[in-house]
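Multiple structures are listed underneath, in structure tokens.
Here come two complexes built around chain A, the first alongside chain B, the second alongside chain C.
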Partner chain A sequence: MSSTSQQVIPPSLPEGESLDFLTLTPQLARKRRSQLRIIADRFVRNRIAVVGMVVLAIITLATIFAPFLTHASAVDPDPSIKLDLNNIFGAPSLLHPLGTDELGRDELARILYGGRVSLLVGISSMAVALLFGIGIGTFAGYYGGLLDNLLMRFTDVILAIPLYLLLFVLSASFSNGSVLNVVFLIAIFGWTYTARLVRGEFLALKEREFVLAARTLGATNMRLMLRHILPNAAGPIIVNATLLVGANIILESVLSFFGFGIQIPLASWGSMVATARDYFLEDPILVWAPGLCILIVVLSFNLMGDGLRDALDPYLTER
Partner chain B sequence: MESLLEINNLKTHFRTRDGWVHAVDGVSFNIAPGEKLGVVGESGCGKSVTALSIMRLVQRPPGEIVDGSILFGGQDLLDISESSMRKVRGKQIGMIFQDPLNSLNPVMTIGNQITEVLELHLGLRGQAARNRTVELLREVGIPEAEKRLHSYPHQFSGGMRQRVMIAMALACRPQLIIADEPTTALDVTVQAQILELINSISTEYKSAVMLITHDLGVVAGMTDRVVVMYAGNVIEMAPTDELFANPRHPYTLGLLASVPRLDEERQDMLTPIEGSPPDLLHPPQGCRFAPRCLFVTNQCKNPPPLRNVGSNHIAACWYDINNPAEQQRAEARRAARLRQLEQLDATAQTIVASTLDEQTTAN
Partner chain C sequence: MGRYIIRRLLQAIPLLILVSVVVFILIHLLPGGPERVLFNPRLSAAAREALKVRLGLDKPIWLQYVFWLKGAVTGDFGNSFADGQLVISDIGARVPATIELFGAALLFALIIAVPLGIISAVRQYGLADYSITILGYFGISMPIFFFALIMQEIFSVKLGWLPDFGRSSDADFATGFDYFLDYLLHLILPMIVLSLAFMAGWSRYMRSSMLEVIRQDYMRTARAKGLGPVRVLLRHGIRNALIPLLTIVALDFGGIAGGAAVTETIFAWPGLGRLFLDALSARDYPVLLAMLLMSAVVVVLFNLIADVLYGVLDPRIRFG
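Coming up: the complex of A and B.
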């Protein structure tokens, strides 16, 4: 065995020869991409998912920079609430690209400012639901046994409740229609699927040998859960989060449509459709515009989620 | 010399639907500081469970350490709290696993995984931790260590991953390294390198090594002393040279005979040990090797105690297998078994032949 420990001394090369061919070939160099790069490459190959992401980026940026895209001014910082009773149901024009609504407000401004609310509610309720779901799923999956049973039966109970009915009751009794209230209302029911997903991932991952190996190095349970196992479940969680945003936007729209969600003076796409349906015959744009926005945004989130699912799938190798 | 690790009558059992499996059933041995101890035996004889018991990482349920003591530096590891045990793991006892691909976290960089150990036990952070990590990677022979810090395990080959595992196990200069079949998943050329690395680095760090393997060649190359385990028991223990030159338990003898040799003329067949290890749910009364043993007699119904058979050499067998009379007995039994097999073979062939005949006539 001593022979293996001897250093291998490379033979000196004859004149004019080089060992350049031993260095990385271009093919190999290309293979050595970072993990993120591999995922990004795979995602970009899915055209439809990229379209979804681009559409989302445009809409998000438009709502963020809404004041610059509408006729906001220092006197009048929010054009979406500026009434002009002389110009109700105005037809599309240069000044009002989507016309005006039943109170003479600029419809484009309302769409952009309403989009802020819809996206904000969708994304922040996703964040809250994710936090809750990951927490419950992590403990249930990692510790198993009685704790797992308790937490998962609790989840089952939540899932068994007729969602919309309870949401209507809860918002009617407790909610004051603020964004924060609606976010929590939606998140209360959004975490269940995430919790199940995370629990499943943990059940599988905690049996893996690298977890045992980390234990032999003296890692605590908390560290094992958060640093070793959770990142390994990141793929499915991210996909789930994306799809959750879409679902939450719909849920918020439904709540607002029935008057249980966002309340005046705030508007979301859902509540805009709700008000506009009374004037559908006078000005169908008022229904179509926010309705299509919901459709496009939710569709984009779902397309992006599907793309991410494929890109993050660990069983697809470097291609 | 004072022992670093002293295992006394360790019993680790697993509860299954059918009853308790006695995976480790009364194992005792010790390791001196800096000593390299080999633990050999067939699959399922309790080697790995012994190792996990020392680390107190036997999953419970279903596993449970039901009896015994594990003295490490004079302290019983089975008595201390979980948080004190965590300070032993990784810091005082390092462990290397069989499959380096599955033992590294796939989503953490190599650098972060090694740094984590330094952070946990030595409180090293930031640049200091980074420097020590690079140093460790160099020590285990990973070229361009700085660049490799940011690599993920899947970008490494099997041998390199095992080197990283070694770096992690040795990061805190532990007094004991448990290597559980560290080369089984690697190809032969890499095996020798990895063993040599474990050998040299543990010598440098003055760490004791408990090398678990089923490969006698590995044991011969680098251990001072060997423990042979069978069906959850220690059946023989001797200095390595002594064990190879003078095995005193029929099982050890069988193990050595079943290894193909390059320095002798090849026989027609390898000599395997007939049969398979006993069901540990219902281990045989008496000597557990008896059903497969060529030396077996009625006396083997009583469990044989470990007895001294030489200097530092103990074996659990009622017989002196070096005694010519015993050897004749074994030889006769082997011949009888062979005859039996030949007869069976002949019968089988006649049956096959006659069936073929019938078929041809039928056609």
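Coming up: the complex of A and C.
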């Protein structure tokens, strides 16, 4: 990104020829954008992915500022657990925009506070799973040989058992229904795909010349792995991370739906659907609101992930 | 080819032994596993000891594992804690219902996904492609239990078109056809629900696989030889595009099993998925063990089938 290229004049320029092509035209300026800018520009051009991102931003902000959007007060810091048995199955009103549930709790507050749990579980289990996956994939791919074989057979064992069944058994027996528990349960089995992905990237990248060059300069194994190879695998990992959040939110909601996930009094979209199921006829909003929330959030993560996939793909030609 | 299959089968054995160890350890860590039965307060200490000996629970855990595995290989998983029946007959009783649901959902998903994928590929970046893509995103992102509940609510409770749960009515019908129709009507909703997520994924896959095939030289050759566009697509395109899809279908088996557990529970379908969840809430651990191991066997088997199928259908692939 040198800005001096305009001034470079070779000593012998044939008569009648100019170096005009070196001046900074808008087209050239476009080509000179930083890598991040190129990726951002490509992402923004994918309108559907941008919609996903905006929706996620709005929902995230709404859950963060939930106390201000609901009728939280010093007396009731968490309106999602405030019962009002005189006002059960309340119709939507100014005070309760989505009505009230079977115990008279404000449905909007339940949705927002439940959203906190769902997003928190989805994102933090992604982070933990990514940490496991990157660690295992890095060592397996970089060192290869026996270590690779052992780690990958271990991955095969986990992949051979249907994930849902495994999670049902484990959460029924080990989980006490706290957010931390659910996060770890989902993460413990969520890393397998990431590990395979990272391993594949490492297998391909470690043979490249730039790695050899760095090694010649005396870089240690740790430095080669973390500074030279891993950043080059960032694209697929970021895409995987985004899609993983959506998948984990679904997992959490299924677990909570069956009562193996987040436990009361904490609200979770999955358990809200499960409870409201019995009152579908009386108050359909109670099923639709949390259900649609899961759908919209997961959809947004998937749209954003696919947008990122296109934006981060260096081989994709600009359209 | 034969040697390849044998080699893969031999490779699967250590994997499955590892799976059995992991599963056995997991289940034995379950709080209230066998103790749930043993610590019934009405049991005397002597009876408790006798029961322990009968169930083999007095032995060290590795010996229990060896006994269990020895039985498992011959299909003997012991007796269910919940109903005292042989585990294998409990499971066997549920197999037909699950195969019915699986088969129907698989077929339905393919029947919808394949044409949608083809249309998407042929009209790439067209209106149809975008609509199918958007629908696909919804399908992939839909939580299956929510979809099941709203389908049940709309089509059976509100509209009353379809039965809301079960595999059949307990009614007496005049003719065999009426029985058949009754089963068919019960099947529709669970089938649609279970197939949705896979339908969406598979149509995406079919699209990219078809796009790949359309660019191949043999497609142009077939056109040059005078075959019409539709004919080329049907005779040369789809057949080749289907090969990678079939392997994905086989690989998705584990995921379908999870979805089946959810679907069967909501529609009270008397299949394996519900047996699993019932066994889990009853801490019926011989049943859980058997089902976890058997599902892993099926997953590994399907992975093998996927690889072999790929080679059989695509002559360009050689087995090393």
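What we mean here is this: the second predicted complex is superposed on the first by the 292 of 319 C-alpha atoms of A that agree within 3 Å, B and C clash if a C-alpha of one lies under 4 Å from a C-alpha of the other, contacts with A are read in each partner's own complex, and residues count from 1 in each chain.
Note that in this section a contact is a pair of C-beta atoms (placed from the backbone, for glycine too) under 8 Å apart; a residue touches a chain by one contact, two chains touch by 3 or more.
From a predicted model like this one, the values you see are computed outputs, not experimental measurements.
Colleague: So, on chain A, is it clash or fit between chain B and chain C?
Modeller: On the shared chain A, the partners fit.
Colleague: So in the superposed three-chain picture, is A:G218 touching just chain B, just chain C, both, or none of them (first/second/both/neither)?
Modeller: So A:G218 only meets chain B here.
Colleague: Once the two structures are overlaid on A, work out the angle chain B-chain A-chain C from the Cα centres, in steps of 10 degrees.
Modeller: 100
Colleague: Is A:F210 contacted by the first partner chain B, the second partner chain C, both or neither?
Modeller: A:F210 contacts chain B only, not chain C.
Colleague: Is A:H228 touching anything from chain B or chain C once the two structures are fitted on A? First, second, both or neither.
Modeller: In the superposed model, A:H228 contacts chain B only, not chain C.
Colleague: Could you tell me if A:L56 is touching chain B, chain C, both of them or neither one (first, second, both, neither)?
Modeller: neither
Colleague: Specify the partner with more touching residues on chain A, choosing between chain B and chain C.
Modeller: It is C that touches the greater number of chain A residues.
Colleague: Thinking of the overlay built on chain A, is A:L163 touched by chain B (first), by chain C (second), by both, or by neither?
Modeller: second
Colleague: Considering the aligned complexes, could you tell me the closest Cα pair distance between chain B and chain C in angstrom?
Modeller: Shortest inter-chain C-alpha distance (chain B to chain C): 15 Å.
Colleague: Under the touch definition given earlier, write down the residues of chain A that touch chain C in their complex.
Modeller: 48, 153, 156-157, 159-166, 168-170, 172-174, 246, 250, 253-254, 257-258, 270, 273-274, 277, 280-281, 284, 287-288, 291, 294-295, 298-299, 302-303
Colleague: In their shared complex, at which residues does chain B touch chain A?
Modeller: Going through chain B, the ones touching chain A are 55, 57, 86-91, 93-95, 97, 99, 102-108, 116-117, 120-121, 152, 155, 165, 168-169, 192-193, 195-196, 199-200, 221-222.
Colleague: Mind listing the chain A positions that touch chain B in their complex?
Modeller: Those residues of chain A that touch chain B are 1, 4-5, 32, 35, 208-210, 212-220, 227-228, 231-232, 234, 314.
Colleague: For a test of understanding, state which residues of chain C touch chain A in their complex under the given definition.
Modeller: These residues of chain C touch chain A: 15-16, 18-19, 22-23, 26-27, 29-31, 134, 137-138, 140-146, 149-150, 153, 157, 254-255, 257-259, 261-262, 265, 276-277, 280-281, 288, 291-292, 295-296, 299-300.
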